[in-house]
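Paired with chain B in one complex and with chain C in the other, chain A is shared by the two complexes that follow.
Right, the complex of A and B next:
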């Protein structure tokens, strides 16, 4: 009797072994989430970031050296904090997702950091610049590859004072992003004896700015500083023209996108903005990135923060290759990243998970495209801002 | 205040006020004839603007001159929304005439969501703000600190003309007489041989056409439209109609201009202009507490 039972058992065990051996030839598929605005006014930046993260994943999947297969789970936060928290919770609650490349909008990133901490999902922020995202908490899960608005506004204030400007009017949106920019710009400017004649906090969905702009016109500033994202910036710059205002328009990293130039048209000429990092083609791995990106025929351009999304995804994959697909191990490994080579330069996370490299680039719009200030005709003296 | 800046605020406020008044006139017409509140009004406005934009994109392919494009966009946009308004009335509002008013309110609210989400999902890239063509002349004149643009003047004039024509239509034509009769007493109007359904459909077509005009003007002025633009304009238009006195065209005009005036005042007074809507709506609430039937309702004996 017992002999009869044993034979099938052995057979089953054998089949299982063969099956398992067969499986181990197929690398395990690891899920990484990408979260950014894929629809809505700032979706250009989000789609560029999504494509770049996707590029990092597919390059690694094509490499014979990788231990795992990777899959990108893209989620849309619509640049709205409430939607952001929903999708962050969805991603964090999915046990198959081991890490995330998250958020372009500061207000959304601020809303979601606690979610990632609660669920223990290690993430790297790829675009949002509010300092508090990394510095406002002690969550070991939160990291960021791009710089913050503190450095950005310091460079902006110093540069504008050097250009001989002394009087500003400030319009900022009332989200964490806009308010943060205003706070750090005001601090940097007053330290350098610049004057802010008036400050206007506006709703990012607002359509009409003529009343605010008329008030600014009466204050007669030399420069209008705008802390906010491209859609609002487009409306303000276009309505300045309706009121016959020709002040210099100075923006933040949030308007450095092709969408701003498309929206404003000819009025974009001479608009200034500042951004962390360097232009993609001048980054250490920028050329390789641009070539690989163009080879994939994505429908949308990589936009300004695409390289950072690529670097963040690539870093996560490097860590998974080293420690395996485990959230805790990935988190611990990310927290000790020092001088890690990437296409945006070496990445070193400080005790808050913030990349310490603080390179800031100055841009001006010349003939319908964003040009490095140093390469522009404005810097060489052939054109003037006013 | 410098007279130049004062005039500038006035012009800015007038452009907005006329837009609000056009929306408010619609609310007032619907309420006048049928005692209903059509909450999809703002979304019809948005759809009017998107219809005009789609027409422009088509005409642009055929390299039609700007003035012709504008005329076609305006005419077809307004006609299309007038038809939609009439259809909405025939199939959603009239069948619910005998049911509680809350049902009509809910069904129009839901219809508005369907239009909004429809544009967002089915218009190419519909969730992003769309640049609207600048088809009006951009000539401007400077008087001291006032920068007066021809396009603003044209929009104010067109809006005002539309309201005057609506008023004349209601006061001087047979159909207008029928609308007034239905507004005053439906049963008696029917007994006098007035075609009730036709009159109501006509009123909905008229109001929705005005909403389309308002949507297209908004696009032309700001050179940008988006799928959610009707939400705020609808709420403001409704508030303007209520504060002016639902059922009175003059009330709608006063309400619209008053709201724009309050917003401008809020933007001047507060260092955080984001509070301007809070300010404007607070004043409206206080006015409604003071005159629950609206500012002008007492003076006009008949509705519409």
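Right, the complex of A and C next:
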């Protein structure tokens, strides 16, 4: 090999380089971004959401009434906050993207809300459940269609008061989950003039609840509210029976599992619990959504939050059809959304962008299984809670 | 070769790599990325055929300082060119921070032969120190806090010194893996540090100038990532200089000898544990510094960002580049950090294609992109 420079080759290199950087992009259809975990451990949820958002876009593109053509830009956040901030920046910095349907994982959403705010990109969260995503900031860009533990407890309090109860005793575990549920239930209940006679924080591993339950028995509440997971719930419900307590047992989403019924046995009858979302076929527009979804031959199922991704995308498109593809206008319009029809029921955003009438399903245990309240014999009046 | 000619060759080489960098960061569309993937190897092959690579290597070896300074200036120009491209700047900053961590790994791994599979844990310690210190000690200048975060990382790493000195090879690697997992769990169960939901971090503020603001309009304005990009560039350049100084000095010589044969070096009077400890602390210090800047830039950290998988990515940067070669971590970090991002267009298949590319590179460059050359005992052509 000689050490001489071969000039012709150098020229070819230079030409290649000029060619490489001489590329520009041209704006075309209106772009909406979808961000969720497309790879990694929870990718099933992310892919279901992506497909559902895609479905909303293509249904709209096929409709002759729509004013614009839409394009979905799907990005993978891997359910990791650092990658989430990266792709959020990518989407938010792209001026052709006017709005986003973003995040399945709470930790990722917590990290990216500031990015959306900085760039002024209006987004609707479709899956992440942590209350602080909407309530931990005052960013007008952030909205959410799915419910949180706040909504769950609001519905729970309202429902129980409607049933004629007024006095509660609370047992909650001292994790984030239990503490959070208690906090929001207490708030919702006092707003509706229910009374909490006593509150007991317990360790989730605690075995014996005799001390707490004896005190509660003396307080004589109508309902025992339990904020925690099934194993603790099983022990409390069983020990209530030993002390001869027949109060109504009201749980949170954490006990909605077969493990609870198996653990408590016969005593489970009449136990109530509440959970965010609903089985897709029970959603107002669930049937239509499932049919359209199956007609598209997606490789993956829609999963539990697919309908919410669909509803969020559809809402964004509705807003764009109304105000045009401008981030600021979209943001302002989203902030005043009230009673907007969607497949997950009407959507109303509060001052933090949280859907206040987010769908919460009420469950009751009847003959050894969790039954939707509306379908139960308790609702029809054949059985009563007390 | 005359001095002027050498400088010219270096400048051309640097400009070409900066142009390639620009293309790599800026291109977005599917076909552009595809073209780049095909064109880049071809360009490099042509450069090699034209003997330009050898020319450049020789020149860079003759004038290392000049090369470093012109590269830093080149990247500065790039940052200026990209000043309105938030995303490109964010990626560039991330690459530069990963380069800093990888330089730390190069000292540990390439020089002293200490395998560290917990690099992201030390990065995380730096990030969390930044978050906590910046929040509670607002009066302390942020530059000091960054320095202190690096020190915290090195000090916490010191906990591992005893077990690592007692073990060797795979066993030492296992200890670092365990430490990485331990740290993540610790952060998750500990409410003081935000628990699994993470922690917000205040941005950097140097001499009353908040980095989160957009760049001063006197200087042409620009993205708020620009300041972080420049900070990361300076950090990476300093880390590179330090790594090179360590390598060239008797520090590096001792570390090399400890890596190659611990018993033989001990019999020549080299204190092996001492050099292992030095390398380990220095590497973790780099990781901590980079972590601190990263935390301030991204404004939010959570334990999930500091996974074992990220440690593996950092180790693979060092391996892909060529173990022990400080320059090599730059192209390797660029590939490992930016390529998966460029593949976003193919969505769920992107990590698959990324894996294939990495395997292909190692198929054709089995000892990394730029394997470490033989130690030069004399520099300059006077020798």
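By our rule, the second predicted complex is superposed on the first by the 204 of 386 C-alpha atoms of A that agree within 3 Å, B and C clash if a C-alpha of one lies under 4 Å from a C-alpha of the other, contacts with A are read in each partner's own complex, and residues count from 1 in each chain.
One rule holds for everything that comes next: a residue touches a chain if its C-beta (ideal position, glycine included) is under 8 Å from a C-beta of that chain, and two chains touch if they have at least 3 such contacts.
The model shown is predicted, which means the values in this text are computed figures rather than measured ones.
Asker: Counting only touches as set out at the top, which of chain B and chain C does A:81 meet: first, second, both, neither?
Answerer: Once the two structures are laid over each other on A, A:81 reaches chain C alone.
Asker: Return first, second, both or neither, reflecting whether A:178 touches chain B, chain C, both chains, or no partner chain.
Answerer: neither
Asker: Per the contact definition in the header, classify A:215: touching chain B only (first), chain C only (second), both, or neither.
Answerer: Touch partner of A:215: chain B, not chain C.
Asker: Considering only the touch criterion stated at the top, classify A:206 as touching first (chain B), second (chain C), both, or neither.
Answerer: Only chain B is touched by A:206; chain C is not.
Asker: Applying the document's definition of touch, where does A:39 land relative to chain B and chain C: first, second, both, or neither?
Answerer: In the superposed model, A:39 contacts both chain B and chain C.
Asker: If you stack the two complexes on chain A, which partner ends up touching A:242: first (chain B), second (chain C), both, or neither?
Answerer: A:242 sits against chain B, while chain C stays out of touch.
Asker: Let me test your reading of the model: by the given contact rule, A:110 touches which partner, first (chain B), second (chain C), both or neither?
Answerer: second
Asker: So which positions on chain A get touched by both chain B and chain C?
Answerer: After superposing on chain A, chain A residues 39, 43 contact both chain B and chain C.
Asker: Under the touch definition given earlier, write down the residues of chain A that touch chain C in their complex.
Answerer: For this pair, the touching residues of chain A are 1-6, 9-10, 12-13, 16-17, 19-21, 23, 25, 38-39, 43, 47, 50, 74-76, 79-82, 85-87, 89-90, 92-94, 105-107, 110-112, 114-115, 118-119, 130, 132, 176.
Asker: So in the complex, the part of chain B that touches chain A is made up of which residues?
Answerer: 2, 5, 8-9, 12-13, 15-16, 127-129, 131, 140, 142, 145, 147, 149, 152, 218, 222-224, 226, 228-229, 232, 263-264, 267-268, 271-274, 276-277
Asker: Using the touch rule from the top, collect the residues of chain C that touch chain A in their complex.
Answerer: Per the stated touch rule, the residues are 16, 19-20, 22-23, 26-29, 32, 35-36, 39, 42-43, 46-47, 49-52, 54-55, 85-87, 90-91, 94, 195-198, 200, 224, 298-302, 304-305, 307, 310, 341, 344, 347-348, 350-351.
Asker: Okay, in this complex, where on chain A does chain B touch?
Answerer: That would be residues 39-41, 43, 174, 198-203, 205-208, 210-212, 214-215, 217-218, 231, 234-235, 238-239, 242-244, 262-263 of chain A.
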